[in-house]
Amino acid sequence: MLTNKNLVTTDDLSNGEMEAIFSLADEMSGAMNDQLGLCRGKIMASLFFEPSTRTRLSFETAMHRLGGSVITAADVGATSLAKGESIADMARVIGSYVDLIVIRHPWEGAARVVADYSSVPVINAGDGGHQHPTQTLCDLYTIQREKKTIKGLKIALWGDLKYGRTVHSLIFALAKFGANILFYPIPGLEVPEHVLEKLTREYGGELERRETLDRTVKDSLFPLDAIYLTPSSPHQLAMMPDLNIQVELKTGVDALYVTRPQKERFTAAEKGQELKEKYPVVDKKMLRDKAFRQTLVMHPLPRVDELAYELDADPRSRYFQQAAQGVPVRMALISLLLGVREVTPPAEDVLPEIAYPLYQREFGPSCPNPRCVSIQETETKYLKPEFKIVNREPLTLRCTYCEHGFEPGYVASSDWHEGRIATKKYHSAASHWARKIRPEHLIVFNSAEEAEAHGFKPSRFSSVRRRRKSKKQ
Amino acid sequence: MLTNKNLVTTDDLSNGEMEAIFSLADEMSGAMNDQLGLCRGKIMASLFFEPSTRTRLSFETAMHRLGGSVITAADVGATSLAKGESIADMARVIGSYVDLIVIRHPWEGAARVVADYSSVPVINAGDGGHQHPTQTLCDLYTIQREKKTIKGLKIALWGDLKYGRTVHSLIFALAKFGANILFYPIPGLEVPEHVLEKLTREYGGELERRETLDRTVKDSLFPLDAIYLTPSSPHQLAMMPDLNIQVELKTGVDALYVTRPQKERFTAAEKGQELKEKYPVVDKKMLRDKAFRQTLVMHPLPRVDELAYELDADPRSRYFQQAAQGVPVRMALISLLLGVREVTPPAEDVLPEIAYPLYQREFGPSCPNPRCVSIQETETKYLKPEFKIVNREPLTLRCTYCEHGFEPGYVASSDWHEGRIATKKYHSAASHWARKIRPEHLIVFNSAEEAEAHGFKPSRFSSVRRRRKSKKQ
Amino acid sequence: MLTNKNLVTTDDLSNGEMEAIFSLADEMSGAMNDQLGLCRGKIMASLFFEPSTRTRLSFETAMHRLGGSVITAADVGATSLAKGESIADMARVIGSYVDLIVIRHPWEGAARVVADYSSVPVINAGDGGHQHPTQTLCDLYTIQREKKTIKGLKIALWGDLKYGRTVHSLIFALAKFGANILFYPIPGLEVPEHVLEKLTREYGGELERRETLDRTVKDSLFPLDAIYLTPSSPHQLAMMPDLNIQVELKTGVDALYVTRPQKERFTAAEKGQELKEKYPVVDKKMLRDKAFRQTLVMHPLPRVDELAYELDADPRSRYFQQAAQGVPVRMALISLLLGVREVTPPAEDVLPEIAYPLYQREFGPSCPNPRCVSIQETETKYLKPEFKIVNREPLTLRCTYCEHGFEPGYVASSDWHEGRIATKKYHSAASHWARKIRPEHLIVFNSAEEAEAHGFKPSRFSSVRRRRKSKKQ
């Protein structure tokens, strides 16, 4: 069922497939030494373009426990990339050597490119601040082993929700499994808008933001930034969120997922703020609140100062198990992708996959995310910007690679002006004309200047001229 | 017998256990290809936080020759540590992946911490300037193969005896086996005091220092800094050292252990001295002296300029064999620690282990060694200073981690002042009061200021006030 | 036949041996999974002292596909070398651990030193700008699979022919197999003289340089710098090169071997030139010329800008296959060197090996190549300069290690002046006296000053005095 598939984002796995991985991990962790024959003669490439010890060693351990071999390029910053090679070339060549590629890369969307260009299955072991889906598998597996289900649980996310790719992967997976999510970010490190946008658009739940939360809710425990209410929550909860959240929180948080401020990704401004000083450490005292009486304390590790060592002996702490389970979970995943084990997924409710129309043009906007793989110098030689049109009002495009979204300011239609220069008109993306353009004819521009540089004139039905005038005044 | 034990310092192995390792190494080196089944399915983590090629590759080769697998983190400086992770967390996580950990780390005592926190056997592959016990196993194995015994031999140590961790491990092991040791340090790079202190306190022999040596002895050959006379030496030798050393030296040195100046650990002052210029190179001419006629020339490698290439073809040179034997010796060690082989150690004289009382308080002195693991920022979150009280007169504490010792200036008793603030008095560590405090009540301070900062007043029976007055004058 | 041999340069393999490797590669690539038992229990050391991903991973994959184990030291710049260890010591030690060494090193001739000092077979995976013979095996294998033969083909080399070690290895191998070579260097990055010198001296063909080429030939397609005409070319071609080349080029180029400017080896001056701007990219448009209709487009990869991505889908492109074939070719090579497979080479015409007299003296010139292993500080402790006397008119010496050549200015004879100081005379290397000195008596000097510093006086039969006078004027 999973043979030869890639795991780039959590969307690549259905709930049933994840559950199949979990039950295979259960089976394997009970009989570690019996798995040695499974991957005999198979080779995994472990390509880490960012420093990592834990994740890399966990993958490599998993492959060795399956009897397979590993070739490693750790901390590759200085090697082939320095010679100016593209990710696509690297993927094609290494893909012709081995049976499976595990890739970590600082550029967001890099794992997607490797998957697109290599001939073997690819696992994303972290691509910038985008996703880290195998960490999410370990996280969910840890929760499920303890709580038997994920559906309907209340999971609190704490710390750096902006740069923590493990958090982004986890949010989507929790939503898929029907959990409620409490967002407790370090101020300034809130979940990025494009993640929230996708969360609410695609997973059917409802997001209550801080502005609309009741004071008693938002300042209980510590500053609550937002709540995601799964559609599988009791109907009342979804209807009267504030009141019900209060009630719900009293019954306790099921898991508290603490994360480290990802200082290596901070902007200069963020580095200056010394966030650590301002934010409480998760320790025994904090967890004395009765909402945490049954809470699993989790952390993807490594920790720095955000989680006190005194909790290591606390019966609620699960972070070391979470790390240890990385091996059987990855063993299960690898054997399924390589097709050396097969599992029939349980019958399941599958979230309908949304088939957004694609946007791809030779000219016009490229992805606005500076860490996106699609705009890097070595990659633009062969990669063209590609977006999903995820919304029409406001018009919103989402990068296929890094999944960042943006709202272009101006539009035109390739249909209307076909062949006639006089009709090459552009419109405000907010105008009613914009909504009439069919996706396959859509042309977008970030600015009027860009539109005019491509030979388009302002439409008299657009509000563009007025806006430009007002700028001049 | 050795199953699941750690090898952090040479003290972790009895003489009988070392001999068992040597005889297993003999057996294995005679049948290298028959060992492939021994560690099938076992995984060793090879974690090198300092550059190394030889030691790491030797360990990894050993594991592969046993049919096991290896995961490697070489030159980890920039990875998880850079994220601020502690050694304890790393040890717990990696220990949950693999069956055996081999660790090299620049901090002294780091291997002890890894052993304390991981659930699998740990081998110290070098922790700063502290110890490197597997190198010592290779050294002793080389000597024993050639000389059939180590007992009673005269072993000369030459070069950097200050920073050479291989030398420190070797000194203790030679003493345990009853060898005599001649110390020929590069001036300024003498054996550290804490090593000599432990040597004389715990291994039963006698140390003759340069000051007390006869001129004809101390300036023969090259400047002799000290001699360690094993208690197993002939009685006369121990009684009239100078005369007998002269006689003994005439019968020749059994092994000359040359070491490289460890420039990477030099202080700024030491770097400026250009030690190399001042010190003779070990070459054919030097070894013409009849004391070296039967001498094994050894070196832990890599060499730089201290050992001439012309000796490579000399029948006395053993350094390449010494390196080559690293593989069978490590194979033997690994299989014993993993319990895939068992050996009954020969009957033996065991040195009685000294059970020093422990000193551990929430406040007060921390280890004075700047390279000690216990005082590093990432580790103080969970590690408390811990010392062995190795002497009372003068009061001497030895760090449990790096084994550096120090003599605190002031003491107090938790018993005397229990509950009564008026009796919170501190005393000079040299005063007769100090000796009356039972170890479990002992409180130590480096300075009077420190004592007073903790609410203690000077005792009128102490010489503290006088001393402080004299300072003021 | 190849058991225990080294592969340092393409000269180490006869044509028959290369063909045996190719046919074993054919056999193995058809049954990849059947090779797992071949190298069970064998260990390969993969020592990369220069950044590399592709070559290293290709070798390691090959060893794993043969069921062997690998120990890796990647990017070793900072480890043992930093401690000042010599290549010879490293080779001896690692050679005592493993069964096979693969070495990449920035110093030219380094692989020769490793081969000389280690006790196991050594494969050169690239030594500075000198050679990269296994890349050449992949290149030839790719050509032979497509064209069935290499003899008589026209192979165009394009790009950086100065620093591209893959090009240097390939040139000699093509000449051995009787191919014609068209040199299309980026201006300023022409094939080094010492390579052309060896090519014409040892492989029996003829070199037509740009100066002597007809304008219609040299400026067709793009600037042709030189042509090597193999002796196996039709007689007419060798007789009337210009005319025939024109005719031959019309029948098309068989393979176009594109290379990347090796900017990491550029001198400061070369870096300043921005070579890329001046030189055309190999793309579809360029390959429209009918000479390229049947041309295999090859590249050792990684590519940067010299080869357009649009060619990836072109049926003539072979560079990804070329990379993929690195695995079976290296599997074949490794199993032959380790003696786990044997192949009887086909009957063949062997080029007679030229037994040049050797030149080795304690004093006098050392190799003029700044990247040669023989002049590096750590290596001069044991390596003496060694040269082959490859020509007498003009007197030409070729370094045994890096194969760079030079023409010394002055000579003397150890025979003539034997014992008599009065006859210690030196001569101009261009004088007729020079030719009378027998190789075993030859002494060479780069300058008259050097000769005089060693106690030699100018010969009155030499032109030295005159030359020195003219210098002074």
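By letter and in written order, the chains are A, B and C; residue numbering begins at 1 in each of them.
Everything below uses one rule, namely that a contact is a pair of C-beta atoms (placed from the backbone, for glycine too) under 8 Å apart; a residue touches a chain by one contact, two chains touch by 3 or more.
Owing to the predicted nature of the structure, the values given are computational and were not obtained by experimental measurement.
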Quick one: do these chains touch in a line, a ring, a star, all-to-all (complete), or other? complete
Could you label the chain A-chain B interface same or different, taking same to mean over half of its residue numbers are used by both chains? different
Just the number, please: Cα centre separation of chain A and chain B in whole Å. 49
Please output the residue numbers of chain B that touch at least 2 other chains, ranges allowed. 72, 74
Where on chain A is chain C touching in the complex? 40-41, 43, 45, 69, 71-74, 76, 78-80, 82-85, 89-90, 92-94, 96-98, 381-382
Of all residues in chain C, those that touch chain A in their complex: 33, 36, 51-54, 56-58, 60-61, 64-65, 67, 70, 72, 74-75, 260, 264, 301-305, 309, 312, 320, 323-324, 326-327
